[in-house]
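Two complexes are shown next, each including subunit A; its partner changes from subunit B in the first to subunit C in the second.
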Partner chain A sequence: MRRLRGLGAVLIGHVLAAAGVAVAVATLAFVAVQMAPGDVAFRIAEARYGERISLQTVDQARAATGMDQNVMVQYLRWVESSLTGQLGRSMVSGRPVMPDVWRSFQTTSGVAVTGVGLALFMSLIIGFAVGMQQDRILDRAFLFASAILSSVPSFLIGIALITLFAITLRWLPAAGNNRPGYAILPSCTLALALLPDLSRVARNAVVRTLQDFYPTYGRIKGQSWPRIVFRHAFRPTLVPIVAYFGPLVAHTIGGLVVIDVLFNLDGVGTRLIDSVLAADIPMAMGAGLLIGVSVVAVNGISDIMVQLLDPRLSTARLWP
Partner chain B sequence: MISRRTILTASLALGVSFVATGRSAWAEDQRILQITSPREITSLALADTSYHFRRLRVAETLVTITPAGKLAPELAESWSVSDDGLVWTFVIRSGVRFHDGTELTPARVRDAIELMRKSRNNTEMVSQLPISSVDVDGGAVKITLTRPFGLVPDFFTDGPAIILAPSSFAADGSVTQIIGTGPYRVAKIEGKASVDLESFPDYWGEPARIGRVHFTGTTSPDTIANMAEAGQVDLVLGLPQALRDRVAASGGVRIKPVQTARILGPIYNAKDVRFDDPAERKAVSIALDRKGIATAIFKNPDAAANQLFSPALPDWHDPKLPPIERNLAEAKRLLASAGWAPGPDGVLVQKGTRFSFPVFVGKQPEMAPLAQAIQAQLAEVGIEVVLEKGSQAPVLESVANGSFVFGFTRRNYAAVPDPVATLLVDYAEATSAQAVWGGINYHNADLESALQRYVSATRDEDRAAARDELMALSNSDLPVLPLIWYDYNVSISDRVDFDSVPVDALEVSFWIDRVKWAD
Partner chain C sequence: MTQPMRASSPGRVRRWPPGFVSVFGFLPLAITLLVALFGPWLLTTNPNRQDLAAAYAPPSAAYVLGADDLGRSIAARLVAGARISLGIAVVGVLASLATGLLLGFISAFHGGWVRQVVMRLSDVILACPSLLFVILVSGLLGGGIGAILFGLWMSQWPGFARLTAAVASKELAADHVEASRLLGFRPGYIFRAHVMPAIMPYLTSLGALTVGANVLTISSVGFLGLGLRPPDAEWGSMIAGTMTYFRTSPHMVLAPAGAILICTLSATVIGEYYSARHQGIEEIA
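Moving on to the complex of A and B:
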């Protein structure tokens, strides 16, 4: 009962936080659009008409999008439409924001879930493999290699994968999302970008767990190493890894924007950046809102999973 | 109990399934013509993507332009003009159906023209026509003008002059879907970068040779190059010039280049003290090393422009005109004659004004090296160029607030086949105040008079005389400093019959319905 109450409190905390963060991120997106240098109407017209931009199209864009109104009126108008769940219409395409943002979110989440899942799977294997060899040559080699690899930017990893698997071997598409296998290279790029740090977290967790009392007790009882690892050490090892998910997701969003551009994916990160640059306020706020909500949601899921994995933490206050 | 072997086997299986999924996915859609171009579907507004859907052969206009650059009937079977030049009659093709099954009628054409007339956008040509009324006359549409205007059929080749079905429009007149009459119909549009097309079985003309097409819009030049090198796309329509050699060297693709009517060159504010004297413009022009820029950046020495109109417009190009050679001594002399003298830091000064200006550099791959080359070359005559990042919007904003001095244009003089249409937008008194990309504050009464004589001429010799005058004025006044004529490059994979791909110098259409598989 006490554990359920703890989980409920975490859940309520995160729902409230999600609402607050969503509004804050969307508002920041609005402010970012307003703060960017230059007249907003010119940026909208350029995004809308490309090389056919003219002074007349700028005037049309200004009138059609309501940019001639007071900034506060524009903001309140968006708040009003978002309360109905519509988020308004894009100032560039004229289409409703929600379907476009949602489609981009699906593209991004497909790549993110596969990439993070792959990174998690591989990091657990690596973490256990090297963690059980603490201070031996394999462990030292891993620590050295992961320190170097963690400094390689994701776009370099992506270019290397494209060159090898798309251009040289021609096994996988280089870009675009119209082929079923499109997510493989972006997901692998993301996974490889996350792998060094995640593997170190896993390795350190394994080392700490194996230094604990119960693995020693298991060995005294004559249990095999695989049994000790998978029956006793696996679950406590997962706790720091799952707890690391919150900052990991926030870190991942930046990497995903790079991956979107490199692989020509219409992801939510690119949509946010493009819409801020194009001064497409409803789209920027819609994308910002969805990103904010998803970061809080992953944090919440991570906290709940940590409590489920380690019930002792259910009384701890995980959300400020 | 999970053994180490199980984990390793599972990892291997996962990796193999990933690759297999990709390869089988690739194999499944090999018979879809995969095309890409550096253009995204930002909206369905006619002023925006009508050009694009016409290039994709989804929507059609009354009159079209062949890949050879000649006017040809499309939704109008024929056209004629009355003796006084005031009434144009377009006979509408019978048996044409829109992709929703409805029939194209003269009444529908009349309504579409009325909608085009309402546009207040000076980049849309039909709204510039002096039309007094549009009427249905049996199977034809009669367009009555307020004054003779010889370019009516040319203006109806403009992108926003596509004729769409009524079901394309919402109640407020905005376009919600593209229901055209072309050999391809839109099967699906997903986001701004993905369009699926399928051949339209009831097309009035020759049916498309390939049944399904997928278009990927890609704005990143490197991604376009990657896709071409990976053999992922059959056609790259508009491969950036700077990447042409890289893609050609990858094997499996061949490049078909053609010189277009699009010019890349500096534009300036003719009322600014730095450019108000023709000597200053000429000095800047001859301070630039066109051949060097064309060879080093555009990999094509023939891209060096010596006049506004490229050889893609044979009636307007003067092949006898010599190249504009770089002459620093003459440039310095001209600048001195205009009152400019070197200041303490070497930058020219005139009555306290430095010959220094900012230039916005766009994100096209060739623009940064081009701007740096110009900066270095003009520095040699004492002109300081400050490079700033930004594309069209900041240029236009600086024009609007009066701070514009110098910038770049990428002007296509074949937006409709006769370049006079573009010259009218840029230099005719009625529209030039709103025009930017042909130069700012440039006025020449002789040029405007020649323009009016050209469009109202009813005899060929009168029109030819006016054209010669327009060519001479544009080449002497330099309202746009001619620098580079753009090439249009199509990268063609070996899956496609190379000879079946028409390359359109006037950038009107991709003509994908004529493309055949190699086998």
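Moving on to the complex of A and C:
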């Protein structure tokens, strides 16, 4: 019962945090666009009609997007519409924001889930293989290799994969998201970009768990190493890894923005960059909102999972 | 965390080979920094001068690292780009370090709502990737070095603030610090005499690791085309401009990639060295 109450508090805290993040992102994006140099209406008209535009066209765009009104009126209107789930229409294309952003979110989340899953799976294997050999040659080689791999920018990993599998071997498509198998290379790039840090976390978790008293106790009782590792040490090892999901999702989003552009995917990253460059406020906020909410969601899931894995840690944190 | 206290962090302190950090950490970083500082005055070729007859030229006596698709000297462009790729990374760390040190110490010293505000703000900012900050800021300010610097600073002071607050509040609770507070020493003196020595190794480690991360972020921004205006050189944008020729003339991609790798790796070596010497650093940071 106490455990359930703890979980409830955590859940409520995360829902509040998600609402807070949503309002904060909305406000930030609004302020940022207001502070941006130059005439926003001009940038929108330019994105809509091309470079040769008259001042009348700019004024028309200003009136059509409601930007001729008071700043406070615009802000309140935006908060009201975003709280009711109406993200409005794109200022550039005039289409509703939500379907477009949702479509790119699906592309992105497909790549993200595959990539993160792959990285997690490999890290667990590497973590156990290396962590049990602590300070021996395999461990040292791993630490060396992971330091090098983590110093390689993710776009270079992507370029290497494209050159090898798309251009030289011609096995997989190099760009776009309309051909079968398009998600393989982006996911592998993401997985390789996440792998060094994640596998180090896994390795340290394994080393720490095996330093605890119960593996030794199991050994004294005469249990075999596989039994100790997989029956007793597996669950406590997962705690630091799951707790690392917060930084992991930040790395993932950073990597995905680059991967979107490199592989020319219509993902949230491309959408965010394009809309920011065109000063398309509703679109930028829609993409930002979705990213912010998913960060909060992953943090919440990670918090709850950590508590389920280790009930001793049932101190409710009200913030992600 | 309410986990039982552990005697030590993972493993014994790994023994580093003597001189390893100097040779693979400080030396390459120092050389690149010197190049970033003084390089532009030592250049004999203009990094933006095009020599279309030499386009795609592999490394030779005239072009030490070869020429790119427009016949510009890659070596000269690497030197010119070091200012942005490494220089901004270091300046960004120094700015975030100063801000974080100040806010972290104030929040540890004052406690209460000040600490709450600073720490909650840090939590929110740390949940977002710094690349996203830099992209948003450079998009909104129209790109440029200032925008990259501002984005890096904004996204990275919380890490330093948190570290400072954690170490400082531990130090401030110690008896000798309490005594010096009771003797009437001012916060500035307590900070200098008691907090700074305790926090230095942690700051060095986090600072070095952040320099490495910044080099990667800056090159990613350059790769995305949000960094500088085209003719100016930057390592990431050099790769973006030449990656389509990777198969035919790989030197155009490998030279800037090597520069990025060397900077990040040496910064990582320094950071890891200090965090291995001072156990428990990743529990605080």
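Simple rule for what comes next: the second predicted complex is superposed on the first by the 304 of 320 C-alpha atoms of A that agree within 3 Å, B and C clash if a C-alpha of one lies under 4 Å from a C-alpha of the other, contacts with A are read in each partner's own complex, and residues count from 1 in each chain.
Here is the rule we use: contacts are C-beta pairs under 8 Å (C-beta built on N, C-alpha and C of every residue); 3 or more make two chains touch, one makes a residue touch a chain.
On a predicted model such as this, the values are computed, not experimentally measured, just so you know.
Enquirer: Could you tell me if A:Ala24 is touching subunit B, subunit C, both of them or neither one (first, second, both, neither)?
Expert: Touch partner of A:Ala24: subunit C, not subunit B.
Enquirer: Does the superposition put A:Gly218 against subunit B (first), subunit C (second), both, or neither?
Expert: In the superposition, A:Gly218 contacts neither subunit B nor subunit C.
Enquirer: Once the shared chain is lined up, is A:Arg208 touching subunit B (first), subunit C (second), both, or neither of them?
Expert: second
Enquirer: Could you tell me if A:Gly267 is touching subunit B, subunit C, both of them or neither one (first, second, both, neither)?
Expert: In the superposition, A:Gly267 touches no partner, neither subunit B nor subunit C.
Enquirer: Taking the superposition on A as described, I'd like to know which of subunit B and subunit C A:Ile291 touches: first, second, both or neither.
Expert: In the superposed model, A:Ile291 contacts subunit C only, not subunit B.
Enquirer: Figure out whether A:Gly50 sits in contact with subunit B (first) or subunit C (second), or with both, or with neither.
Expert: The first partner, subunit B, only.
Enquirer: After lining up the shared chain so the two structures overlap, which partner does A:Ile167 touch, if you call subunit B first and subunit C second: first, second, both or neither?
Expert: Both partners.
Enquirer: May I ask you to decide whether A:Ile184 touches subunit B, subunit C, both, or neither, giving the answer as first, second, both or neither?
Expert: first
Enquirer: Looking at the overlay, does A:Phe42 come into contact with subunit B only (first), subunit C only (second), both, or neither?
Expert: Touch partner of A:Phe42: subunit B, not subunit C.
Enquirer: Identify the overlap between the subunit B-contacting and the subunit C-contacting residues of subunit A.
Expert: 38, 167, 261-262
Enquirer: What residues of subunit C sit close enough to touch subunit A in their complex?
Expert: Those residues of subunit C that touch subunit A are 1-3, 6-12, 14, 120, 123-124, 126-132, 135-136, 139-142, 212, 216-217, 219-220, 223-224, 226, 236, 239-240, 243, 246-247, 253, 257, 260-261, 264-265, 268-269, 272.
Enquirer: Which of the residues in subunit A end up touching subunit C in this complex?
Expert: Residues of subunit A touching subunit C: 21, 24, 32-33, 35-38, 134-135, 147-148, 150-156, 159, 163, 167-168, 203-204, 207-208, 211, 246, 250-251, 253-254, 257-258, 261-262, 272-273, 276-277, 291-292, 295-296, 299, 312-313, 315, 319-320.
Enquirer: Taking the complex as given, what residues does subunit B use to touch subunit A?
Expert: Where subunit B meets subunit A, its residues are 1-4, 7, 11, 14, 18-19, 21-26, 28-29, 36, 39, 42-45, 47-48, 120-123, 174, 190-194, 196, 214, 216, 218, 220, 223, 226-227, 229-232, 250, 391-394, 396-397, 399-400, 410, 434-436.
Enquirer: Any idea which subunit A residues touch subunit B in the complex?
Expert: Its residues touching subunit B are 38-39, 42-43, 45-58, 60, 92-95, 100, 103-104, 121-122, 125, 162, 166-167, 170-182, 184, 188, 226-227, 230, 261-264, 266.
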